[in-house]
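Following this line, the structures themselves.
Both complexes below contain subunit A, partnered by subunit B and then by subunit C.
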Partner chain A sequence: MTETNIIQFDSYKTGTDNVTQLVAQIKDETEEKSYETAPPMDTASIYSNAGAVTSHISRALVLLEEGKVYLSNAIAASSNNDEIDSDNEVQHFYALLPELFCCRDIGDGFGAIINAIYNAITNQLDSDILTLGQLNKISQLVIRLQSEPFLEIDQAIELIIELEDTDLNIKPQHLEQITGILSGE
Partner chain B sequence: MNKTAFVDTTIITNILLKSGDIHKQSSKALSRFEKTFLPVYAIKEFKAGPLRNFVYVHNKLINTKSYPKTLQAIQRLSLTPQRYKTATALEALMEASKSFSENTPSDLAKKYGQKDMGSILFDETRLSLKTIILIAWKRRRKLTTDIVNPLFCYREVAPTEKRGLILDKPVSCSPDSKCSIKELLKDKLNDVKAVRDAIDPDSTKKEDLNRRRVLKSIYRTPKRELRENDCRYLGDAVFSILAPKDTIILTTNIKDHKPLAKALGKDAIHPVDL
Partner chain C sequence: MKAKKLELADFKLKSVSVEFRYDTAYLLWDKAGALWSNLKPYFPDLKNIETNPNLTSFRAGDNYQLHVELDKSHITAFHTKLNDVIEPFENFLTTVRKTLEIKSYNRLGFRAIYEKTSNSREESFNIFDSVHSLPYPQGKFFNIDGKIYNPELSYRWEDDKFGLRVLINTPEKSVRFDAPIDIDELKSIDVKKYFVTVDLDYYTKAPTTPGQIKLSEWVKQIIHFINRDSNDLIGI
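Moving on to the complex of A and B:
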């Protein structure tokens, strides 16, 4: 025979009935456990089992971290109006982009962003140094790739649009004539 | 600052697909106007024309994995009757002096399992084309202050990807819908006739012949439905007729636009002339 708890309505209203108290106790215990904080995980450790995901992801993350440092230095120099130092840091960052592009099998989102950044800097090299706004944007993209190396192409496109909006040209020079033909020149 | 520009397909093509001076010229031209109107017809023409060419070449490149074969495909399409242009383009592509493939040491490439430097150039080109196409579509409605003359028969569907290829359909109007261009033009039959009369009657250009025929059909038999091809043949005439009186038609195709605009007391201007 099943035992049923009979709760006096007045007790229920005031929360002094046994069932309400029991529920409150269980709720407290559950919330306490869910709010226990675990130590934050860095992206590299999430993807440490590189063989299972892609053979290049761990190297890409190392390169992105190195790139982030160069960009951070470039931003600091630019903020201090030291154009030479800033551009020098950009040159170091630029030099690691070909190896980053070698890791493009991570995904098209990753490849498209690296390709866009490379073209943007290449197109700028001939005329001018990168502005503070442009450096900040490139740095944001690198940081985003560090946390989301597998981002989808659609997300990558939105980020590349933001890069273009800093007045950078992301189209490769070697395609200029072809794009001219295709656009009906 | 000039007041209002009615923007033609050539301008959005220059901004969305090209780079360098041509891109800058058209972008700067837009900024010279307080208001800029882009009719949806221009977006339709853009998707069915220049953007479609990019999609075709992207897909051809994916399937052939060969630049010469891809460029042969471009030639066959008669995208350029001037073969020297394609030859120059191929040279530029092969040279690709500032590309990743030219700036990646071969030992580094081998370390990452790249078969040859061609595979790097292939992926660069593929990703660049894809990026240009997707960004162009996203930006198409953000170039001007206003989008005007909606086409309810035409669905603007974003390009998608399937098996590595880009799908750009639909580029045509919905066959079940009433033709919006027809609806827009039916109240302007005098303008339709005037524009038709402004096209050189002795011209043997296919484009002119088709345009005259369709315009004649519209004012002679206004109740007759327009077919998809007829809609496309209208081309420049649409801009001349739909542009409000106090606007100036902004286009790089001045040669064809100017006489049509003049027939209606309007004007067309090239970005360099601003």
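Moving on to the complex of A and C:
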């Protein structure tokens, strides 16, 4: 920290004897307090070279970005009542999910959310297309994973509950049959 | 005479640290005991060095120093290799973060200090000069017809998200130990040692959240940067 004495002669100009003395403290602009004014970090820049040492986080971020675009297109089409285009974009997004699930060693939260989205779309598309509200919620989850791929499992569960609240079934297909078999029904 | 130009491989890793800073975590006052109990499975030979309300400091064996304060924590490893610290560092950060319920990091820093011993101040200067030649004065100034000793180079390499502070210097260290006369096993020590050190401190400049950070992934990447870029960036 450097101190600089600044002597202000305003009073001198008006003919008075008072001289205001200001001491300006000039703080070094070190990185010490840069976080106070800096915008939050974007996740992609933290792992910009992660592919050189480990593949999954880099690949997952690329796939999530791609998925975000498909979902954005689906939402736009759905908003224009173009169900065919919307469903088409959802299918493209759906095709990314198995590879995203292969990146689940990123974290339990990541794997849980991808799994939930996959099951939700699988179950829904058996009977109907995704609604605008459902598309928006899935898009929010994808954007959240892009920003925070290392979510804890309890945070992921809260998000999955929000997904269920849009009337999506996140349970895997045939689960009830398997549980029935296991319980001897 | 100029020494041959060195590479980082010619230096020995002296210590490596990770530091993370956060908004004041007053939970430290309530959970200090629980924190170190939670860390003990990862560092079985913990020994308390210092404890006061705002700071708890431990040592684990001969290799680790662990330090938790109200607004920052750090772990330092000695006598180690870069790849060997990834898991202990991750365990430390995760445990502190969960116990103190840290919601975001104001700064993350990774620091590696390398050193090379030399036999004299003159040799330290020659090693430093081979790495980074500076415009040294020649002649008599301040009535001193002298030589340059203990040169030091320090700078920051930054953008708006990340920074690297580089420090290359030539410290001298004295070790003196007067052994008790009546203990045959101990011998007195009085040595002066000379070093050239390369200190690399890589840090974030913007806030991050725990969901963004997996320390092991970040540290592996930094190790890759050190191996790839040190020789070009800092002339070593």
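Rule of thumb we're sticking to: the second predicted complex is superposed on the first by the 131 of 185 C-alpha atoms of A that agree within 3 Å, B and C clash if a C-alpha of one lies under 4 Å from a C-alpha of the other, contacts with A are read in each partner's own complex, and residues count from 1 in each chain.
In this text, a residue touches a chain if its C-beta (ideal position, glycine included) is under 8 Å from a C-beta of that chain, and two chains touch if they have at least 3 such contacts.
Computed from a predicted structure; not experimentally measured.
Participant: Looking only at contacts as defined up top, I'd like to know whether subunit B or subunit C touches more of subunit A.
Facilitator: B
Participant: In the overlaid three-chain picture, which partner chain does A:134 touch, first (subunit B) or second (subunit C), both, or neither?
Facilitator: In the superposition, A:134 contacts neither subunit B nor subunit C.
Participant: Is A:111 touching anything from subunit B or subunit C once the two structures are fitted on A? First, second, both or neither.
Facilitator: first
Participant: Look at A:173 in the shared chain and tell me whether it touches subunit B only, subunit C only, both, or neither; answer first, second, both or neither.
Facilitator: A:173 sits against subunit B, while subunit C stays out of touch.
Participant: After the superposition on A, what does A:161 contact: first (subunit B), second (subunit C), both or neither?
Facilitator: Touch partner of A:161: subunit B, not subunit C.
Participant: Which of the two partners, first being subunit B and second being subunit C, lies in contact with A:57: first, second, both, or neither?
Facilitator: After superposing on A, A:57 lies in contact with subunit C but is clear of subunit B.
Participant: Which partner does A:124 contact after superposing on A: first (subunit B), second (subunit C), both, neither?
Facilitator: neither
Participant: In the overlay, answer first, second, both or neither for which of subunit B and subunit C A:149 touches.
Facilitator: Once the two structures are laid over each other on A, A:149 reaches subunit C alone.
Participant: Share the list of subunit A residues that count as touching for subunit B in one structure and for subunit C in the other.
Facilitator: After superposing on chain A, no subunit A residue contacts both subunit B and subunit C.
Participant: Using the touch rule from the top, collect the residues of subunit C that touch subunit A in their complex.
Facilitator: 106-107, 156, 158, 160-163, 203-214, 217-218, 220-221, 223-225
Participant: In the complex formed with subunit B, which residues of subunit A make contact?
Facilitator: The touching residues are 56, 97-99, 101-104, 108, 111-112, 115-116, 118-119, 122-123, 153-154, 157-158, 160-161, 164, 169-185.
Participant: Any idea which subunit B residues touch subunit A in the complex?
Facilitator: 13-14, 17-20, 22, 49-50, 53-54, 57, 71, 74, 79-80, 85-86, 88-89, 92-93, 95-100, 103-105, 108-109, 111-112, 114, 120, 123-125, 127-132, 134-135, 138-139, 161
Participant: Help me check something: in the complex, which residues belonging to subunit A touch subunit C?
Facilitator: 31, 34-35, 38-41, 43, 45-47, 49-50, 52-54, 57, 106-107, 109, 147-152, 155
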